[in-house]
Every structure is written in C-alpha cells, then in structure tokens.
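Written below as structure tokens is the structure these notes are about.
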C-alpha cells in the first residue's frame, strides 16, 4: 500500500458496471517529506468515506463485486504516520 | 486506475481467443498538467465505447472471459477532473 | 498491454512444469517513436505464433494451465498501429 | 519480494474491514548498499511480528481473509543477506 | 518474466507459513548488455534448483500452496539468450 493524499475527484457517467455507485477520488502519492510527488496521481475507488485533503492508504487491487473486478482503492484514512528511522 | 487519453488504435488479426471481438485502443497516460507523458502509451481493451481524444480511466487488470484473462482495459470515460489541492 | 518487438528467444531446459512446451521469446518494449527502449527487454510465452521482428502485444499476466500460473505472454501480433493524436 | 527495513508505523482507525486487527508498518526499500532508498516507503501488513529496524521481506500481494483481499505484507524477518556476486 | 542472475541468498527463520521449506535466493536483474542493474535486486523462491551465478527467468507471481500465496519465483534456468535484433 502507498501513502497518498486525496487531491480531488473525477466525474464519469459512462463507466463499466463494476464501477456503478463508486466514488472516484484523485489521489496523489506522497514522498518521504510528505509532499505530493509530481505525476504520481491516480484515480481510486473510495471504500472508507475519504475526502479531499485526507491522508490515505491506497491499495492497487481491491476486490469489488465478488472478486471479478479489482480496482485501485482507498482502504484506510491515516491519522498518524510515525517514522522512527 | 490512471487517467489517460485515447490516442489511436491497433489492428491485430492474429490474437489470442480471449481478445476476439475486442476493440484495442492506444491510450497514453497524462501528467498533472493534463499533457501526454512520453513513452507511456499502452494498448487497452475498450469496455465503454471510448474514441480517439477521449479522456479515460484505465485499469491494469480487468477480467474478461470468466476471469481467465485479465487485460488492461478502459473502464470509464471521464467528463471532468476536479483537482482541489 | 504494451507494444513490443520480438528481439530473440531464450533456451531453458530446466524449468517449472507450467512452462513445459512453451516457446519463450525475448520481447523489447518500444517507445512512441517505435524504437526499442533500452533495458526494457522481457521474456514472454508465445501464444500466437510470433517470430523475431514481429510487433506484438504483450500482457503481463496471462493464465496458463487452468489459472494456476500466470506468465507474461504475447497475446497478439500487431499489423498496424494508428496513432491519431 | 523486496528487501526492506521497517522504518515506523501508521495509525488508521477508519479502514476497510479486511484490515481490521492488522498491524500496519512503514517499510522502506533498501538498495544494493543496504541503505534506505528515498521515496520508496510503503505501508505493509505485518504477518510475522516484525518491529522497527528489522530487515524484512515484503511481498506485494499476500492474501488475507480467504483471498478476497491481497495487501502488501511483511512475510519474513531477514537474519542475513549473503551476496556472492 | 525478467532475465536475472542469482547473486546470493537470504536467511530467514521467522517467516510466513507459505514460505516454509522454500529456498530464498537473491536475484539481480540484468540489462541488455547482460550486466547486473544497480538496485534491481529482489528475493525469489527457487522452484528449479538454481544456484549462485546462474542466469534465470524470474516471474513476479508464481502460485504456491494452492494459489493462496503468490511469490516472486525463479521458474527456469536459462542456458542461452539469443538476441537477433
């Protein structure tokens, strides 16, 4: 999983059935200094109620619809990142 | 999923059975400034009726033919990308 | 899927059972200018009868032997790449 | 699998059900010289009782909850890396 | 699959059950000139009896233990790489 920030959202009405009802959020990966990394922005399905500005955990393949479809998803909202070394 | 633009198509008559009847489109990833990224062009199966110039969502592994074959696919046509931060 | 050129082949007698009888071809990814990209050479299982010099579509995980093993495979021979934008 | 060092942990109370009860550790990939690689920090589920400072093996997709969810996981604590050539 | 050289091994007693009895080898990807690529060293499960110095084919996700766990694995020992173009 990668640490990312929710930076916006995407509007798409014409989409595959598996994505119907899904909230599609823009997420941008963050580096060691917690700033956004250029050109590392993806679109992820929200499964935890995240909003713009939230620090989140993003998993590349999360199963929707009984495993038939795996989409990049937000799987957790991060409250604290503790880096010790 | 990544944001990409449909930049063309591919003609291939000799192909694996799982790809029969599939529309094979060229998709090029776009960066934060919405321009095409050099050498980030892929071929994706169209599942939503996309055409050249469309902004689309591309998923790396979308299941075809009862999960036996997972191919990079266009899963949504994007109408609007709202970046807030 | 990526566009690649068949650039050679690999000989391997000691291999996992799932690869028995498979033709192992060297494939090199091509860039937007259709030239080979340095250090982007992979080994793919041929499923369509491709040969050296052919332009092909390569899929990272194609199921062999009842889904137990997914290997990088050549899934189509490309006749024409039409880039419109 | 990649060699990585446990460099911290993440606190997340709002998370997908599949991650409930999981220990979420920060892991940073190490290079050939065994030092941490910049901006190669991920979050992995701990399955072996690893702690900060441990050298570990990280696998990108490890199945949790009957295969429905595959998350990046720590699958071994490394005692010794023997490089011969 | 990628071409790699076995460059060493890893000792790990505390590991997930799926890796019990597995031989964990260090593999380093090779470039077009057949030399080792810096910082492209991984740990792979050996399934073909490979040893240090061997040129091998490495597959990212090879199923162990009835598909529940897929680990990077060595799937073939390469005798000859024939590059024609």
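Annotations
Letters are used for the chains, namely A, B, C, D and E, taken in the order the chains are written, and counting of residues starts over at 1 for each.
As a working rule, a residue touches a chain if its C-beta (ideal position, glycine included) is under 8 Å from a C-beta of that chain, and two chains touch if they have at least 3 such contacts.
This is a predicted model, so every value here is computed, not measured.
In the contact between subunit A and subunit D, the residue numbers used by both copies make up under half of all numbers at that interface.
Taking the mean of the C-alpha atoms as each chain's centre, subunit C and subunit D sit 31 Å apart.
For this pair, subunit B with subunit C, the centres built from the Cα atoms lie 19 Å apart. The residues of subunit E that reach two or more other chains are 61, 67, listed in rising order. A ring topology is adopted by the chain contact network, closed into one cycle in which each chain touches exactly two others. Following neighbour contacts from subunit A out to subunit D and onward until the ring closes gives A, D, E, C, B. Residue ranges on subunit A touching subunit D, taken from their complex, read 1-3, 31-32, 37, 47-49, 57, 59, 61-63, 67, 73, 75-85. Interface of subunit B with subunit C (complex): residues 5, 7-16, 18-19, 24, 26, 38-39, 41-44, 52-53, 61, 67-72.
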